[in-house]
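Shared chain: chain A. Partners: chain B in the first complex, chain C in the second.
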Partner chain A sequence: MGLDYKLVLWNKHKKTYDKIIALGMLLYLVVFVALTLALNPETTAETMIIRAFGSLAILMLHIILVIGPLSRLNPQFLPILYNRRHLGVSMFLAALVHGAFSIIQFHTLGDVNPIYAIITSNMDYGSLTNFPFQVLGFLALLILFYMASTSHDFFLKNLSPKIWKGLHMMVYLAYGLILMHVFLGAFQQETSPFTIGIIIVGFITVTSLHLITAFKESKIDKFNSEKNSEGWLEVCEVDEIPNDRAKIFTVGNERVAIFKYEGKLSAIHNVCKHQGGPLGEGKIVDGCVTCPWHGYQYLPHNGQSPPPFTEKVATYELRLNGKKVYINPNGFEEGTEVQPVTC
Partner chain B sequence: MEKKDEFYIGYMNHLGEGTKRTTKRFVLFAIGILLLGAISFGFFQKEAVNSTFDFNAPTKISGTYQEAPYPMLRVKLGEGTFKNVLLLGFGKFGANSYLDDIKQKEGNLNGKHLTIEGNLIYYNGKTLLEIDDSQKISLTNSKVKDYVLPEVMGKQKLTGEIVDPKCYFGVMKPGYGKIHRSCAALCISGGIPPVLVTSDNNTLSEYFLLTDLKGNPIHKDILPYIGQPSLLRGEVEKMGDWYTMRIDVSQIEKLDKKSSIY
Partner chain C sequence: MDAGLRKRHKYIWLFLAIVIPILLILVIKDLDFSQTADTNHTTESLSNPIDQAKHNLMDAVVIEKDDARVLEMNVKQPLKSASSIILSLNDNQEIGQIEGVGTYSFPLKSEIRGIIIKDAIKNQEILKLEF
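Moving on, here comes the complex of A and B:
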């Protein structure tokens, strides 16, 4: 957890994962280069490098972008999510090779500064088909650089999880810029329906998975219950919550997770302090609510991470009337102890 | 029920069976996508042409220097056979700055015999020479020789794409079109002559060096028209084995169609 960064960074799985990333990237480059040399022997080494690393980076970005929604839809994808940062940094390195070689090849050794040249050597900003696509790729590379360089718990802690996560959501902006970079650039000249088709299928897959996940979550947010005379909300029947698991409800404007464990019920705020993970999709492990994203833990009755950790989330008061579970929508201060309800 | 209760914690080494299976499937799927991508992106590339840039094999050539409209060397290949080699500078620059030293020393070089060591660029019958050092230019005969005067060919209306000849004839592949447009603009801005590569069936040539209406070099004014299918009108002249075309840049018509110069 948050006190020792190394704890989260390296273990047996991460090393295996990194080896698979390296192997996958190497496999891609070897196959691409071998095919290019065999079928297109007159091409230049620079063009081959630019194309190999650019196409590798965009495919990796698609793989990265499906991990999030897949993990929300099926927790069995969580090991992939847990190790996603290394995949992101590797993708950035591939994009960096593509960008650096492109800038050297197309924009250096001229009569103006290469960065200035990226922006000014094609001024058709008013045209769609002639739009200077390099600018889009350059902006995306800057975003990816920012994300890769802050892809460590040190920055997460210092920037605050909310800001860090918010800034890292810029990957979607980078994705949009990259798609436009490719469609307004390479695909204007390399017009094979197969290569264009791969990216279109990738876009549809990424978008669909995000929409399905959003639809699933919107059902939680649409939860609506009448307050009783004391202002408590009826949320569900006790049997609807599995043992050592939770159900998530939107109470007021906040998502709250109601956990059932050891014959008791406790409610805490659903958002993990680490990266905003959905605690209600986690599990009670060793008596603690354990976040599905990175394993951060909180005691269910007070929302506090067990010592020596210091993270705290808000807690909520529950009542049981027969089988019906009621919640007081007014949460307590983060880390406030609340007596669990026996069920 | 057992499957539902599986729960992965990143810092623990334990993986549930279902989680392990799903993870393996995802890894295999991702590698499959990469493989499919590598095959598709590798296989479906437009084939590059056999243009050549001898960047690591310098060549010494000698011939009669011709300054206008763009620096060239008229090299004798055999009895009565000559080739006009277009001179270029290093990177995205023209040859003029490399010729300044020797011009200061020897005065007007027009019609004089020079020997230049540089790197050849050649494709489809055209040859160009990149000069990377002014010290590699020497005057081998200061006597002015006869050189070919431009031969007027009349007015022409040609369609094609304006490229920088350095990249087009060998340095980059592809050295034309949308992807290469910014690079071509920098090259032409840096002094490399603009060349029209035609896509029509004119009977003269595929390549035309472009000048202004007075026959002077054009660089900055033509930048907005580079790398796009266009229609040009102008007076054509023949200079050795190169054709030149005098154009009014403002009269260039951009054509709304795909590039077809290769």
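Moving on, here comes the complex of A and C:
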């Protein structure tokens, strides 16, 4: 959480994660080069660079794609999610090295523009096995470039989290393009059941995790609670909410998090203003609801970020009848003060 | 994420889960997993060549395979041309195309005295190999 825009928002934890990313990438490249020299010593330096960085980018993309669903299924993965953006930009840099060397190697020695050459050097667009696979990789690289260049909080704030998140879902399209780029390209020239197997296992893992999470979330979205005669929804019993934590409910089309803290109950909209993180999966830290994704904070009784920050979320009115908790489904304007319910 | 984004997310992954495996099956179906066996066969055949020529860029060998003549080529270094075609030295008829380092096999329709490697875009001769 920052007041002004900095090129890179580093803190102690992010620096540690970035060192792990850099060391991991270096280690992979060293192992790849060593194995290539041992098993296939005739490989040229250019080919080795292209393959090493291409396979590194694919591996990183798979890791990036499983972080989201894993942290939805198990909160222990949340610290990795916190640093996912840096991992994404690092992955783009690896993909860029792969793309740049491939273009230099295969498309700069002719007398046509290299980008034009990528699209026109193989015009067999009607064939599946001889499809111009480089075009698919190039399109994926453009998407990754767009995502890396707009990953900064400046764009997030100015595009709005909803539009930003929607646009950044293009990574799934890039993933599909990259899979086809690999299967129609590298594997057509050097068929190996081992490498094909790895990619297939990767695809099954990523897709299964996303679908399991998506269906789990759909179930929560379909939750219907009973309305009383005044139109208030009965959501749970007070004991079901742990201290300094929340329970999430679907009210209309929106998710609401009901927090229990210091013997009180407050309800706020579940979606963080930063990147749409699930506030109800965070906890109360220093009296503030703290988003589990990137640590954005809100006061539970008015949904406002503590000064000098200006983010606000909608608040909801609660009632306690015995042990039963009721919520007014009509939320208030973002940042509206609501008296907490004593429990 | 709000409900709309969650729904979009679910449909995207359902789409990928259906479409990508179909495409992958179609692609894998046409892959040749017997490259090792082919290489052995080629090595065996290369020990009895009909014609051959060597160069530091590539080797070219004509062998007899299944009662037909085949030109086996081993490109050792990348060629500095975007599109390289192989022509017969006899009649300038196109035999095939080279795309990079590796081994290639081209069936021959008739006897050849040698080959010419030509940059098809610049229309320049890169290499001439005579048997």
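We take it that the second predicted complex is superposed on the first by the 337 of 343 C-alpha atoms of A that agree within 3 Å, B and C clash if a C-alpha of one lies under 4 Å from a C-alpha of the other, contacts with A are read in each partner's own complex, and residues count from 1 in each chain.
The criterion applied here is as follows: contacts are C-beta pairs under 8 Å (C-beta built on N, C-alpha and C of every residue); 3 or more make two chains touch, one makes a residue touch a chain.
Keep in mind the model is a prediction, meaning the values are calculated, not measured.
Colleague: State whether chain B and chain C clash or fit side by side on chain A once the two structures are superposed.
Modeller: Overlaying the two structures gives a clash between chain B and chain C.
Colleague: Considering only touches as defined above, state whether A:His181 meets chain B (first), chain C (second), both or neither.
Modeller: A:His181 contacts neither chain B nor chain C.
Colleague: Given the touch rule stated above, what does A:Thr44 touch, chain B (first), chain C (second), both, or neither?
Modeller: A:Thr44 contacts both chain B and chain C.
Colleague: Touching A:Glu217, do we find chain B (first), chain C (second), both, or neither?
Modeller: The answer is second: A:Glu217 touches chain C but not chain B.
Colleague: Kindly classify A:Leu128 by the partners it touches after superposition: chain B alone (first), chain C alone (second), both, or neither?
Modeller: second
Colleague: Could you say whether A:Tyr172 touches chain B, chain C, both of them, or neither, answering first, second, both or neither?
Modeller: second
Colleague: After lining up the shared chain so the two structures overlap, which partner does A:Lys247 touch, if you call chain B first and chain C second: first, second, both or neither?
Modeller: neither
Colleague: Could you say whether A:Gly276 touches chain B, chain C, both of them, or neither, answering first, second, both or neither?
Modeller: It touches chain C, and chain B stays clear.
Colleague: Scan A:Leu109 for contacts with chain B and chain C and give back first, second, both or neither.
Modeller: both
Colleague: Pick one for A:Phe203: touches chain B only (first), chain C only (second), both, or neither.
Modeller: In the superposition, A:Phe203 contacts chain C only.
Colleague: Who touches more of chain A, chain B or chain C?
Modeller: B
Colleague: In the superposed arrangement, what residues of chain A touch both chain B and chain C?
Modeller: Dual-contact residues (chain A): 44, 46-47, 105-107, 109-112, 117, 121, 129, 184, 188-190.
Colleague: In their complex, what parts of chain B are in touch with chain A?
Modeller: Chain B reaches chain A through residues 4-13, 15-16, 18-19, 21-23, 26-27, 30-31, 33-51, 90-93, 172-174, 177-183, 185-187, 189-190, 224, 228, 259.
Colleague: Given the complex with chain C, which residues does chain A contribute to the contact?
Modeller: 44, 46-47, 105-107, 109-112, 117, 121, 128-129, 162, 165-166, 169, 172, 175-176, 179-180, 183-184, 187-191, 193, 196, 200, 203, 207, 210-211, 214-215, 217-218, 221, 250, 253-255, 271, 276
Colleague: If you look only at chain C, which of its residues touch chain A in the complex?
Modeller: Those in contact with chain A are residues 1-10, 12-14, 16-17, 19-21, 23-24, 26-28, 30-33, 35, 77-78, 80-83, 100-102, 121-122.
Colleague: Flag every residue of chain A that touches chain B in the complex, lowest number first.
Modeller: Touch residues, chain A against chain B: 7-8, 11-13, 20, 23-25, 27-29, 31-36, 39-40, 42-44, 46-47, 51, 55-56, 59-60, 62-63, 70, 74-80, 82-83, 105-112, 117-118, 121-124, 129-130, 132-134, 184-186, 188-190, 192, 194-195, 198, 242, 244, 282-283, 285, 290, 292, 294-295.
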